[in-house]
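You will see two complexes here that share subunit A, one where it goes with subunit B and one where it goes with subunit C.
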Partner chain A sequence: MQKIDHHWQRFTLKQKLSRFTVYLFFIVALVLSVRTVEIIPEFFFDAPEQMVDLFSRMWPIDFAFYPISVHDAMIETLNIATLGTLFTLIFSIPLALMNASNIVASPWAHWIARFFLVSSRSVNSLVWALLFVAIFGPGVLAGVLAIAFRSVGFVGKLLSEALEEIDMGSVEALRATGAPWGAVMLKGYWPQVKPAFFSIVLFRWDINVRESAVLGLVGAGGIGVVLNDSMNLFQWQQVAMSLLAIFAVVVAAEVVVVNIRKRLI
Partner chain B sequence: MSAAQRFLEVKGLKKEYVAGNPILKGVDFSIDSPGIVAIIGPSGTGKSTLLRCINRLIEPTAGQIIFDNSDVCLASGKVLRHLRRQVAMVFQEYNLVERLSVIENVLSGRLGYMTSWQAWRRNYLQSDINNAYELLAAVGLEEHANKRADSLSGGQRQRVGIARAVMQDPRIILADEPTSSLDPKTAVEIMELLEKFASEKNIPALVNMHDVKLAQRFAKRIIGMSNGHIVYDGAPEGITDEHLKKIYGGESWLD
Partner chain C sequence: MAGLNKQTASTQHNPFPRNWWVSGLWLVAAIYLVYSVNAMGLDWDRFTAGLGHADNLLSRMFPPNFSRWELLLEGLIESLEIAVISSVVGIFLSLFIGLLAARNFMPNWISTPVRGFIALCRSFHPVIIAILFVKSVGFGALAGILTLVIATIGFIAKLFAEAIEEISFKQVEAIRATGASFVSVILFAVMPQVFSRFIGFATYQFDSNLRNSTMVGIVGAGGLGGTLFSAFQRFDYDFVAAILITIIALILFWEFLSTLVRRIF
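And then the complex of A and B:
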């Protein structure tokens, strides 16, 4: 019997070469970027000492500071995050509907919606905050608007993607009954997109709690202001208190979000 | 209206998804009596397209569809919605709103008669609610009224689909392969239900199907389609092997 040796290998020579080129490119890029960064060796090598020093200044945590400033600022931060998330819905829901190709067919509408969604996302919330502090002056309002404007892109994009993924069969069935547009939205789209909607909004709220903690650094209210003041005054024990409070709130927010989501789905 | 009531008339219906490549090449027929009319034909011959043109889920390219003394093809906006609520549709994949309860799926057959605001407030008329429960009982799903639609089996879902269609109080039922996803026994039960409602309401039911035997068993009239044309239109007894060869092509599948 004649035996044929089949020749098989995973990559052709051309593929091997191109893969090797990609590896080489990454290594060269890594070497080049390390050389550009210019790490100052003195600062780099005494980093462990500095860290120990910083932590020793932070200890013991100044718990007495909590009722004085941290508590109210923390509530303010939560208010900024929650109000900001609620304001976001006013803009992001219409934009998401406009951007979903199975709701609005016009490519013009998609481009307009996408323009707003992308511009919202391309600006960091700190930058939005700087902008609104300049317009409305320092305080909670600037923080709320910064959070709201940054979240529009996030919520709008994810919501429109969720809308595009729904089963159009039931929507078709409702249109066939002669239901008006609003009723098709309410009975066809909404029940299907509801779990995703709450999941997205809660996730964004969770992110916003963390982001609004930082907004105070540029004067947009909340715990960030307290944190910034303590740092400027080298009150490291107070800084530690603020950081601990932020950590506790973020963990609590996580627990709350996970539990609500479990019930919704 | 004349003595022989005309339920539906389709004249010269054409549909091209891609210009120059028609899927329906001029379809003419009219329905003058109630009961089940089966449309048989191979996959891809335009059976679903034909049904979806009748309630304008798909835009016809040319032709006329006369329903309730007006041309469906010319209707738009509110007029179209009012025509649609008299044309009920049953789907192969049931197309229920999976996350709503069974009773709400049945009630959604009334959405064409309600405003969006009423739909949001769930302000269904008491008579509609009573009617929905009666229909659920008629299809044998009374005890499932408050379950979510996605907890039902295929056959049960199709019963809900039919109840929703009848809930519209339609003047014609369109059924797009209502039994193709079901086992043979359930398929017969679903056809029996369609037959029952069609005769109770004294309306026609236009049913797309694959199963020639099932079509012959239930239909009063069979329309055979092939390649975008009607090639047979008449009594189920009149269908011969010659016709079937013409409709489906080949003959090895015939016994």
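And then the complex of A and C:
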């Protein structure tokens, strides 16, 4: 009778070792961070008390402040988010086309496109806003451009992934009829990526509504300016009103986007 | 042949019918663009005037000035510490919160309030949460860590709950049939099914925390953002360029590492 002497293992030795390295790496990073980070323990234990103090200063919410300045600033914020999302299409569609390997075959084009997409995503929208405030001065224009430049990476990357996933059959059929490049784009690629395109743009708009609410902290227009002013004046009841308005708009934007996306897909 | 010639233009079917919904949408977008550009006072003069400033700004940014590298390194290390600690703490908490929010494991009276909490964590931009934490725990890394823990919970716990809701119940039933305890069911039936997706979420969230940890400093919550903001305010644009290059390099390096990690798991 043959004895079964090897027992089943889920992972090979190499897999185990590499997983173990990743775990070890993270534990070392964590231990180093915890040991060297500058945290004042008194501040940490004091936090709940300070939070209660903050919220007690915020109450009652100053609703009279809404018609004075919150309403107009909120409309401005929504406009910044929407315009920024529309402007981002000008840059992100060409970059997405360049980055999609089934449209442009050259690896150089991919690297150039990827460089722009990654740098757009690596720089935070607040940093973009700082740069544009330095260029165009404080105001809405800086906010719109910050939103637009920040969104390029996101929209471009997801759109190029959607383009790469399409079924090439109809594109080849169109090419076989001798259709020009524009017609292949419009009738071959576009119908297949249309639902993904609208869903990506809506998703980004939802994120942009959140982001444009804070751009004002560095002077780029919208509700953030109002929030920053009331905070500098320690008018916490007005701060609470602005925060409530932001919360309401963000939730409303998300509900709208979720409902439209459900119908699209 | 006669039948073919008889066919008139009116009976021919257009293979590419116009989608009136989409055309209407583009029209609405165009009208909105004109309206909002007017409403917010964006004009071409300001834009072209700004381009001159951009030229000036760029010439002052280059060449980047790395002479104050100690300051840069200090901020970079603090950003890394914030990112590592907040990711580990946030992901650890999200494991439990995500499980509590999964509707197929928990009764409604637990999962609904937990879901509400997650939605609350998600609805505010990290910068706004950072402001509140800076008020309550003071300037420094702790405020940044707490902010990013909240941001991590808002994202990871939600995705993790959704991943748990999608698992196959056959394995859960099999483990339960052996008389295993609740903890064993979670460890041996649920975790193996969601673990690889979970690693994906975790690497993505670390990426996002890394980006955000370089930003929360703008409102005083520690890290490279504080260095960046003060460099901006002192018009040290060559140092700004050095910081931005460091941030982009850091994120590119992490993208390279994260593809390695994903290949292992």
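Basically, the second predicted complex is superposed on the first by the 236 of 265 C-alpha atoms of A that agree within 3 Å, B and C clash if a C-alpha of one lies under 4 Å from a C-alpha of the other, contacts with A are read in each partner's own complex, and residues count from 1 in each chain.
Simple rule for what comes next: a contact is a pair of C-beta atoms (placed from the backbone, for glycine too) under 8 Å apart; a residue touches a chain by one contact, two chains touch by 3 or more.
None of these values were measured; they are calculated from a predicted model.
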{"item": "Which superposed partner A:Pro180 touches (first subunit B, second subunit C, both, neither)", "value": "first"}
{"item": "Touching partner for A:Glu172 - first (subunit B), second (subunit C), both, neither", "value": "first"}
{"item": "Contacts of A:Asp206 with subunit B and subunit C, given as first, second, both or neither", "value": "neither"}
{"item": "Subunit B versus subunit C as contact partner of A:Lys194, first or second or both or neither", "value": "both"}
{"item": "Which superposed partner A:Leu54 touches (first subunit B, second subunit C, both, neither)", "value": "second"}
{"item": "Which of subunit B and subunit C A:Phe43 touches, first, second, both or neither", "value": "second"}
{"item": "Subunit A: partner with more touched residues, subunit B or subunit C", "value": "C"}
{"item": "First, second, both or neither for A:Val214, with subunit B first and subunit C second", "value": "second"}
{"item": "Partner chain in contact with A:Asn79 - subunit B first, subunit C second, else both or neither", "value": "second"}
{"item": "First (subunit B), second (subunit C), both or neither touched by A:Gln15", "value": "second"}
{"item": "Intersection of the subunit A residues that touch subunit B with those that touch subunit C", "value": "187, 194"}
{"item": "Complex contact set, residues of subunit C against subunit A", "value": "16, 22, 29, 32-33, 36-37, 39-42, 46-47, 50, 53-54, 57, 77-78, 80-82, 84-85, 88, 123-125, 127-128, 131-132, 135-138, 140-142, 145-146, 211-212, 214-215, 218-219, 225, 228-229, 232, 237, 244, 247-248, 251-252, 255, 261, 264-265"}
{"item": "In the complex with subunit C, residue positions of subunit A that touch it", "value": "15, 18-19, 22, 26, 29-30, 32-34, 36-40, 43-44, 46-47, 50-51, 54, 76, 79-80, 82-83, 86, 118-119, 121-124, 126-127, 130-131, 134-137, 140-141, 144, 187, 194, 210-211, 213-214, 217-218, 221, 227, 231, 243, 246-247, 250-251, 254"}
{"item": "Partner subunit A, residues of subunit B touching it in the complex", "value": "55, 57, 80-89, 91, 93-100, 104, 108-117, 119-120, 161, 164, 168"}
{"item": "List of subunit A residues in touch with subunit B within their complex", "value": "167, 169-170, 172-188, 191-192, 194"}
